[in-house]
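Quick one: the structure is below, and I'll ask about it shortly.
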Amino acid sequence: MATYKIAIIVGSLRKDSLNRKIARSICALRGDNLDCSMVEIGELDLYNQDIDTDNPPASWKRFREQVGAADGILFCTPEYNRGVPGVLKNAIDIGSRPYGKSVFDQKPAAIVSASPGSIGGFGANHQLRQACVFLNMPVMQQPEAYLGHVTDDSFDADGCLKEGPLKELVTKLAHAFHDWVNAILRARELLLHDAAKEQAKEPA
Amino acid sequence: MATYKIAIIVGSLRKDSLNRKIARSICALRGDNLDCSMVEIGELDLYNQDIDTDNPPASWKRFREQVGAADGILFCTPEYNRGVPGVLKNAIDIGSRPYGKSVFDQKPAAIVSASPGSIGGFGANHQLRQACVFLNMPVMQQPEAYLGHVTDDSFDADGCLKEGPLKELVTKLAHAFHDWVNAILRARELLLHDAAKEQAKEPA
Amino acid sequence: MATYKIAIIVGSLRKDSLNRKIARSICALRGDNLDCSMVEIGELDLYNQDIDTDNPPASWKRFREQVGAADGILFCTPEYNRGVPGVLKNAIDIGSRPYGKSVFDQKPAAIVSASPGSIGGFGANHQLRQACVFLNMPVMQQPEAYLGHVTDDSFDADGCLKEGPLKELVTKLAHAFHDWVNAILRARELLLHDAAKEQAKEPA
Amino acid sequence: MATYKIAIIVGSLRKDSLNRKIARSICALRGDNLDCSMVEIGELDLYNQDIDTDNPPASWKRFREQVGAADGILFCTPEYNRGVPGVLKNAIDIGSRPYGKSVFDQKPAAIVSASPGSIGGFGANHQLRQACVFLNMPVMQQPEAYLGHVTDDSFDADGCLKEGPLKELVTKLAHAFHDWVNAILRARELLLHDAAKEQAKEPA
């Protein structure tokens, strides 16, 4: 099975963020085929088109390069005020510009939202999906991951998810995400291959 | 190129529905590779789980069969009260049940929303996308189709779109939709094929 | 304290609908000041503008009259496929037309969503709120009511909510809803009164 | 007529932001009764709960004080990637914390979204409304303001809106917003007054 480079973007800057722990768990569960790296967003300057010139802030350049190098994107985020945290949306806005040069374009994605409450970040999850439409990112539909009742106690001393329904869902999701990235990237190759063949057939 | 059976579901019951005309135009533009048929929703009884027994209303059976036979789904809908028209959502609710037997499951889809106003059904479009997450339908992300300023005058006497930016966008969409259905269905075959190979390798 | 006529619209047609039971509980809890009546939506013909003439279906007329007579509206609904049930949206579409004659206009509202699952209908709840913007219905913001883990066992033999956190939240909500209707209707009177005074001051 | 202190929060940091110009126009149109001031958000540190201690960043303190002093809030925002700009959401997240001390609580609000395109920021507008539910901010429902086709050319040399349908809508909105703030604040006084009277009646 192919291994894919996955950029993980976590929607909370808290050092002990539950979503960061969930993200690490997903990596650990599929470390064989998902080559994960966290892309940090806490140092990013606020997006302002006026400074998005040929020489934008270094923090933006670094972020755009790291995301651009990935095969797929995994978002793990809490919900703030029934929506996407501003820190995460700021990162997305930065990666999406300048117009026509979005580093997110065409990358397959999955969205996980986790919270200590019961709703599991449903609002943040679907607002992110709305952004992904514009960003042209095919997002995995199932399993949905509104992870509720997640607390520090969901993890063992090594930061791994304890056995139970939460770990089962996250494991299922990690496998489905690998399949989704695999499917989208190989399908794209097929289409490109077909298009090349069509073109070759055309008379000079 | 492969030809796919597409079920078109129109979100308005008006005889002269603009969205029905848009749907017909998409079929006409890709008649070679999209084998389109309209699935009517105006006769569907309102969804009620109490009557969703072994012998549900005939209107539901017919709808479920027609949708189930398709390779992909195209929704063309107006926006009512900033959301999905009730008539369309009722059809979706019917097709999605009984639990575990959704006829929408895994079918690739595209969503077009058209209106005489300028917003082009943005609200309905994204609420439908939200449903498709649960329905496990991979939805085409680009081009988005919030078709504004659509009127009877957008079509010629034969019901075809007149030349202009609207026709250009719809043509682009029709081609992208064929590619999307193609990509998703072939990718699924690849994954199934891989899984079969993996299994064959395992010792008895 | 004033008593207000509240039309309750339940988003499920199931005879034993949990949301219907929740609705009844809210009425019982504030029976002194909320004069509640259920407005049934199971017999409504699907909305079709072509038949919305001077003589529309009798089911529509009845619905429009019943909603029109109310001081405020309470929606209690499950979530179907991450959104508003089609049966409920159909009722809303009917009440909102013909253009300029919406029976919902200006009526204060509250939205409750209940489900056996943990998310408590968050998606349906917020899609309804999106409709209420267009419908010009001031919706109570707090307390939000995404009632999760609601089952038949949440109610006693008389259909009343058993003691516990769910009943506490619903009680708080019932009181807040009375205050909300009260506030909106009295504020409107004040504004009308002011406007009349302003006009009286103007020279003939 | 009463004059209210309105904090305006603009969702773009661009110096020549169209939404900033729209905001200024609204102030100019109702300068008699809306005492408007812009609350800047471009210097705000990204929200991070770890540093939201007794001594949070000075930029947060200033923002919270300015918003807290207002009677009502006016949001004027573009749409970024079909949603609320990260810079605006970051400001909202900051104002909403620490838990239980949100400076937005109970403040009446209006939401305006403007863009050069035709959709007028519909997605950003409704995501903001979703946040306002949690923030317990009563939001004006009508007129909705998805201001499309706004460009520098919509304004005259003094930055005022030129005569035309856009200015008419914005004028209507400015008046409706004054009425909305007026209604919500006076209604709240009535309810407090009633509650005090009820309490006075109770035997010692």
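Worth pointing out:
Chains: A, B, C and D, in written order; residue numbering restarts at 1 for each.
In this text, a residue touches a chain if its C-beta (ideal position, glycine included) is under 8 Å from a C-beta of that chain, and two chains touch if they have at least 3 such contacts.
Because the structure is a prediction, the values reported are computed rather than measured.
In terms of the stated touch criterion, the partners common to subunit A and subunit B are C, D, listed by label. Comparing the centres of all chains, each the average of its CA atoms, the largest separation from subunit A belongs to C. With centres set at the average Cα position, the gap from subunit A to subunit C is 38 Å. Rounded to whole angstrom, the centroid-to-centroid distance between subunit A and subunit D, based on C-alpha atoms, equals 31 Å.
Of all residues in subunit A, those that touch two or more other chains are 82, 123, 126, 130, 133-135. Considering their complex, residues 1, 126, 129-130, 132-139, 141-142, 144, 179, 182-184, 186-188, 190-191, 194 of subunit B touch subunit A.
Of all residues in subunit B, only 82, 118-120, 122-123, 126, 146, 148-149 touch subunit D in the complex they form. Subunit A contributes residues 12-15, 42, 44, 46-50, 80-94, 96, 123, 127, 130-131, 133-135 to its touches with subunit D in the complex.
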